[in-house]
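Dumping the structure here so I can ask a few things about it.
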């Protein structure tokens, strides 16, 4: 009595067609059906933000969405953030420059939240950056490196664009 | 999490009538909203079901109850019940001690309840408030229905009068201060044993308001 | 050839893979035929198990098996191995991998489901019917200590797990003579670890090779292997434990858990790989926590604030079992007297069982608790004698000229406690200058004019870290010319790969990008213990250095014989050995490595053993002592009880700084962890039923970016004489003083109201209660 | 923490939704899912049928016409937050949305979801109360209109039948010059409100209260409006006396306590927030008249 659906999702420009149970979360689909394990699952109740991805360009929590809801959608995960030639997205470079990560587990969610945000607001204040990442929990860094990195990335984007 | 509360209500019937009703699980249990007896083990022991909703959360507890310490002379006794959610989301155990006294209006029944919850249902801290609310709504509804049923059973037509419950507290970490909580903004319960209510008049008219108590809210 | 890497803010080797989503955490690893595991956990804090009915679960499609302890049988029937046994433990009790007949905390494992995927496994777990006889539960350690308390374990008549004592000096003499003795009672609560990656394990059994491989999210692969081998009565060589990328540790992942062990048991039983990925709810219910301590403390001092002695009793909530022995308790008492030259100490700690999740150390272990008591005591002395807080501290510091300073205490292993090096007063001066202490009162007055209650917190701490006895290291020059460092030690975000590469590269004039670092694998040639207690940089670090030196010496010897010169005439740069003054006479390390690997029929260079590699151990007898001072500036909204943190300053001394960027990261992250403990994180249990009532991240409040202040870190370097690098630990030094600092700042802000704070965490609601109490007290 | 199995439906048109609601037992409607998602993962909620509204075409959208604002139930919080004309007419919507969840959750969360989930601490139900909004509820055989002040039945329980769907919210913005304020207190940014107070306020030339609306969230088991108090305040100055009167009303609330926060504290905070809201709204009301 499994409720199965065949879905088709474009992830990082690659198309994935799978037949899955409709109760499968989008996060589990991305990680275990598509093997893109860069997207992490930290709380499964929509608080920690580790599972944040881009759904049709918007930052969303993939642990509280169902894969079937993404049928026909475009998804970007952390693996798709750098350009195809491997060049870092400015936010990745800025995280490296500012020690924006330690254990690296919250990092993909942070990167996806911040990259979506910077596309909408390229000149944020420190307060605005802190508010945006308040939906992503990091136990290692104390956030300071992440805030500095996001501000640096914003400046880089304003200068050079993406 | 434990909730303890006290409430009183009067029934326009003799203590004997109320006693006879209250100490017969087959009659008394269905007065609890959403409760029904599935099996009578003996005169005072039974198995049953209670289903209730707390906002969007729907639970069905399966369990058993036992009337004990029945003292017909002073019209006092207690009911012990425990059960667990069929889907493993938690357990409850309840101790209800009741006493009856003859008053001019008929019989005054006072009930002291200790309710303990465990498992997931007890582990949602923000739920502590609603557990108290629901528990007191249930007891108050129980007393109302019971009063009605006693009258229907004894063929007398009169109205039961509800006295406000006088004390409610949740102990321990969910440290809720005692406060008067005169229930209830609500008319009637939703998940309720139909058999228990078939005698009651205007069932269908009640339905809409019934369904609101624990809510069939579907959107999120 | 000077150090080019050590001391520089070298960028991390770890980052590239983590930034690209190429990290490899346990749940990212898949092996063919892998099955998913879910647990049936106790819903009761204390109960006797009457029956467990698994029939409905077994019948569910997609379920491979459902097991209770009885179903597993054999070796599995005995309790788990006790880590860190001690004669002080009165009841050395550990869990069974699955409960036998009694459950003693909500979340204890009762049965295990193995299924084709986690979804089905959870469906089945829901179908397992457990019938309990509920027993009285106790979750308050003070109540557990009451002779009339219900037992936490039915088999024990009392709940005292152990009594720990830390005593030296003439305590009674000092207290009888002291002109002033101040008494206070304190409550401390430290919460749940919450590494962002929960625990997880993947166990595989290769029947033909009779070889077990366990990938587990641990801080202690070697210890996990040791415990599994002992438990299963197997030879350690048949077990490989790997800690891949680990998403944060913070202490609890150093312990060995029933789930981890059970996975190996299941892999052996089913002959199929099994994986368990702990979810956040399980992390709340089953990953070891740190919780409550109640203290009664007396401080004896002179009129000038010179402290003569501290004595007191700590009632410590250890939870239902002792999986980790008394380490958490010991680290609560051993830090006394902290940064101060106090000659007489007498601390007793009663370690109580309670019907709550077992406790083990979390970032700082008991040190933040001890520091809270010591620093609150210093503030109490200042308050009661009307002295400045910094004056009292200056008067009591261990002075620079006193190092190495023996405190007078002896550790259980007989070694005398001796602070190695430092300049505690200098660190205070640094932080006071950073926070512009002298002008604070002007700022306070200015804020007051706008109706704001501003305060400044100032505290100091020191910390025993780099704990003995060893973490080994192997350094190799590969035939490719690349340098390879292999450690048994593992990392959870500290940047160990980077500092290992920095230390090794410096011996060969290489950069960190010329170094390959391998961590966290019991197949490593170098033995290791555990990444805890801020110890790896100070133990593995020197081992790496020693191994690199040996490799360097051998390279020079071989080159010297080749060029027929003395080693003194050689130098190494960029991985090439040169003859001084004759730059074209040179040989690369890769070339030397190839020769030392030789081949059949080709002889080794005369008189040399094969390979260009070495394994070395730095084996200190003593800990090293980091220290520092912190300050915070904050404002309290006395209408709501909200505390707004504005600026936080750290002066930190961890000896030689290997990489300032990484040390800053450790310290700042540690401070925020401490702020969480001080203001937000509270793991609440219902007192009557023992039910945990904050089991999601919406109700258990971890620090978020929006509430955190700007944190500035200054470094001071007092190299440790204990190791060749002069390095000390930095992983916990942010957390240890932070709680005391925040509380001291809040108390300072409310000084005009006479509020005294003796507890944390401090919720806004609780803070308002304290303000009300102080106001009624002054009114009366 | 994986959801139990259910039959998933993703209808394209409203009538299919209503038909499913009529035919199927134990349905749950999925809107933004930012509250329902976690409850499904925790298995607090275990529906037999999950009806996803995200592909229904005619439930979304903000329309503003002849002094009426209509918000489709599936309008995302993000859209409401950023809609320029709505911000001009009713800035309190985007202001209060700053307190709703987090950046990423507002991309999915909807107004219909907030109203139907009806968390006592939710902001949008409190704002709808301020505007005396009308909620349109449909089932397969028709529709009914529910005034905002009749929407909340009890804890997380809206005035909605098993076969009914909330389709849109309609209200009239205040046309007269007025001030607004939404103030909230929570432990951390984006947390469940311990208390929140919304205020709309219009003053006459002499600075007396011409019209006022006050709503309180987070304090009791449902959001509510201080209607009686409001009426009594008409014609008075928004000063300390008015405030004392509002505080009295707040003291009368039956506040809910939970593991974290006592009802007494919630009320205490609500008093403070009411003061701050009235002050800010007054200032804005005055400048609105200039």
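For clarity, chains are labelled A, B, C and D in written order, and residue numbers in each chain start from 1.
Rule of thumb we're sticking to: contacts are C-beta pairs under 8 Å (C-beta built on N, C-alpha and C of every residue); 3 or more make two chains touch, one makes a residue touch a chain.
The structure displayed is predicted, hence computed values, not measured ones.
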Pair of chains joined by more contacts [C-beta pairs], A-D or C-D: A-D
Between chain D and chain C, distance of the C-alpha-averaged centres to the nearest whole Å: 44
Chain centre separation in whole Å, for chain D relative to chain A (CA means): 29
CA centroid of chain B to CA centroid of chain C, Å: 50
Residues within chain B bordering two or more other chains: 87, 89, 120, 124-126, 128, 173-174
Chain D residues counted as touching two or more neighbouring chains: 1-5, 33, 38, 42-43, 188-190, 192, 259-260, 262
Residues of chain A engaged with two or more neighbouring chains: 21, 23, 44-45, 47, 130-131, 134
Every chain pair meeting the contact rule: A-C, A-D, B-C, B-D, C-D
Residues on chain C engaged by chain B in the complex (per definition of touch): 43-45, 106, 125-129, 132, 134, 684-689, 691-696, 698-699
Interface residues, chain D side, partner chain C - complex: 1-5, 38, 42-43, 185, 187-192, 259-262, 265, 268-269, 272
Residues of chain D defined as touching chain B within the complex: 4, 21, 26-33, 35-36, 39, 42-46, 51, 73, 112-113, 115-118, 153-162, 164-166, 192, 221, 254, 256-260, 262-264
List of chain A residues in touch with chain D within their complex: 1-3, 5, 21-23, 25, 28, 44-47, 49, 52, 58-61, 63-66, 68-69, 113, 116-117, 130-132, 134-135
Residue numbers on chain B that touch chain D, as the complex places them: 54-58, 87, 89, 120, 124-130, 133-134, 137, 170, 173-177, 179, 181, 185-186, 208, 211-220
